[in-house]
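Since the structure comes first, as structure tokens, the remarks are kept for the end.
We just call them A, B, C, D, E, F, G, H, I and J in the order they show up, numbering each chain from 1.
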């Protein structure tokens, strides 16, 4: 099942640059791990913000929450999760 | 360039069923045409609503508007368009 | 997987009472069918509104959408769907 | 009488991990106490957030407030409370 | 238990004046009946709107919903219900 | 003239408990003083929040502001004020 | 006591032009009557909308509601009323 | 002085196509007239909507309102007007 | 040209009282200066908040911004500016 | 392709004035660089706020994000980006 997730990151401007870079580095590693595992299917930046839209594949919301809460940036993240249903245009019958 | 589009359809409950089915049929045909042309990359239903999230590929917002305004359901649609930037996890360097 | 669904019903005040009663009667039948099938686990009225909160069990958002879109009141409904994750207090380990 | 409660927890990222764990441990204990007492009937995580939906049984809003304000996380919580009415599908007559 | 209810009435401007007056007359009768029964404790107009704040006393949200849905204006009403807890200033101990 | 006031209190979780108790104690004293003077007619807790609805009687908005700004918790309060008009059900003629 | 009132007028585009002009003519007459009586102190158009901000002087919210509900456009109006307190810069002591 | 105006057009889907085309034709003529007069400096479509952002030059809000209310689509328009101040980057000194 | 400005002041509760009084004193002086200069025509407190509505007269939004950004409280202010058009009731012809 | 960007700057009032001036100076330099490069076509202050509307020209949202995230004030900025489509009034055919 797929989920559309909007993630906003709110790192305080006062965070030391080294800590910030280390965090972002770990976040990128985790992201690649999720991509390779097939959990993170797509990810886009929202221009003008430290935020992204991500397309996750997970068995259910419980697995999705586990994936999100293991992100290194988790304490600074607020995420909006939209459960997605299959659209007929991507299966066999047609409707809007 | 990719765009995330949230489309809400508001057909009046009083619309005759035949007209409704004819419209939805034409909408599905148009959707398939866009998929084959590579303009509509993904589409998901929003559960509980006559609404969807669509991932469009278009040269710019002008081309995107042309695609959306040619949908048979256009007079009953309101769409929210989010321009998407490439995320480093999908290119070469890493960052959130 | 469970979903919390907030359903708002907007029947026009001008709908003939007989049509209204027939619709509501079919809606109640469908609701009982869902309860017996284990799909509709709980349902509460929102006081002061023709609206309810429902707790659905479905395999995924696609199955949930199918259930909701087969409700007789579907053309007059707008539903907000919240995917729910298992809380540790209902499994084995503890956390908020 | 039942209440649907949406609880958002906002612990500052700067809180020491030990203090955080101690708090969460006490919160879990209190939650189990409420479950055993029949006050907390169901609880779900909201995926992507340190937040939950809880279904409380209390005599009235005064008792509910007492329950919530005794939670160890109370100073960091904001809760939205929705009073719930019995739905006819769960009693004897049928209506939406 | 007390509830604060905000009621907005949306009668269409096209409703014939006689029908409107008859409805409002029945609504007033029902309101007086609720006042005499002790269910409607206070009611205030919201200036500039066909809307009011009402203070209801009811055993629970189920009884409150029954009271509201029997109002003659019910099909044109949307109501927001706030469950109220006793404040210590009105009981015996003090707190905000 | 009556005013419905929604008061939200935002004391920082880091405030020392003694300071907090002293403040709340003074707030309660002030509240009782307003009740005795007939300025604060009713007050209810909003369950799940450090917030209340208060019903004030004041000559006008200027007097009301003076009452609110003398509350010991004033620096941590945000208040929404709704001016209330007399409803015909509480005077002599009937209308919604 | 002064009130700041934001009035939005929603006349249906289908209203016959003659009816519309007659209504607007009566509305203007009523407005001039209120100005002469000292009840309507200032009125400004909100550019781009059939809406205005008005500054009313009334004894209390009850009198204000009476003034507003006697406007010929009342059935098509929604008004937001803000009770205003005297600012020290307009009396004798100084504060923000 | 410049104004940024967001215009949303809500033509009913039931409007006859001929009437719609005639209206849009007159609207386009009026738009060109404003461009030539220097009143309408820029105009952009908002993709996915029958809406636009326009940059107007007018002496003040009164002149701007006159321009907008003379648009043929005026009865179906709702406009949000933002008054704009000169930014130092476009004058002589620098600041954000 | 007139502007309606809603100003919200957010001084931190932790600001030393002396600093606060000195700031408010300078703010009041500036306010009187603007009144005498004819720039600040009216000012009202919003009851229950450290906020006000102000009616400014300025040549355009650039001059208005200059006035607001020179207020001593500027770093703690957020202001919403509404450009106002002359209403026909205050000029010569009549309309809503 | 053009983008309308609303930028809100939230510098903490506690930031030392020298640091603030240095930041704003670098921001102005960057802004001029973008103007000369044709990336920043117009910029307006939003009166009453440390905020602006900017009109950017960029190849796509990825290039736009790069421009915005290189602004010296980036850590204190939140930006809302609206992708703009060409309006027929600025090309060759006419429509709203």
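Criterion: a contact is a pair of C-beta atoms (placed from the backbone, for glycine too) under 8 Å apart; a residue touches a chain by one contact, two chains touch by 3 or more.
No experiment lies behind these values; they were computed from the predicted model shown.
Colleague: Quickly list, by label, the chains bordering both chain D and chain H.
Modeller: none
Colleague: Hey, which one of A-B, D-E or E-G is the same interface as H-I, over half the contact pairs lining up?
Modeller: D-E
Colleague: Where the CA atoms of chain F average out and where those of chain J average out, how many Å apart are those spots?
Modeller: One centre to the other, that is 43 Å.
Colleague: What whole-Å value do you get for the distance between chain F and chain I if each is reduced to the mean of its CA atoms?
Modeller: Chain centres of chain F and chain I, defined by C-alpha means, are spaced 26 Å apart.
Colleague: So, what's the distance in Å between the C-alpha centres of chain F and chain C?
Modeller: 38
Colleague: Which residues of chain D are in contact with two or more other chains?
Modeller: In chain D, 3, 45-47, 61-62, 64-65, 81, 83-86 touch at least two other chains.
Colleague: Enumerate the contact residues on chain H facing chain I in the complex.
Modeller: Its residues touching chain I are 1, 3, 60-62, 64-65, 81, 83-86.
Colleague: Quick one: which bits of chain C touch chain B in the complex? Just the residue numbers, please.
Modeller: Those residues of chain C that touch chain B are 3, 5, 7, 61-62, 64-65, 68, 75-81.
Colleague: Which bits of chain G are touching chain H when the two form their complex?
Modeller: For this pair, the touching residues of chain G are 13, 45-49.
Colleague: Note which residues of chain H are touching chain J in the complex, please.
Modeller: Listed in rising order, the residues are 2, 4, 9, 24-25, 27-29, 31-32, 35, 40, 42-47, 50, 52-53, 55, 73, 82-90, 94-96.
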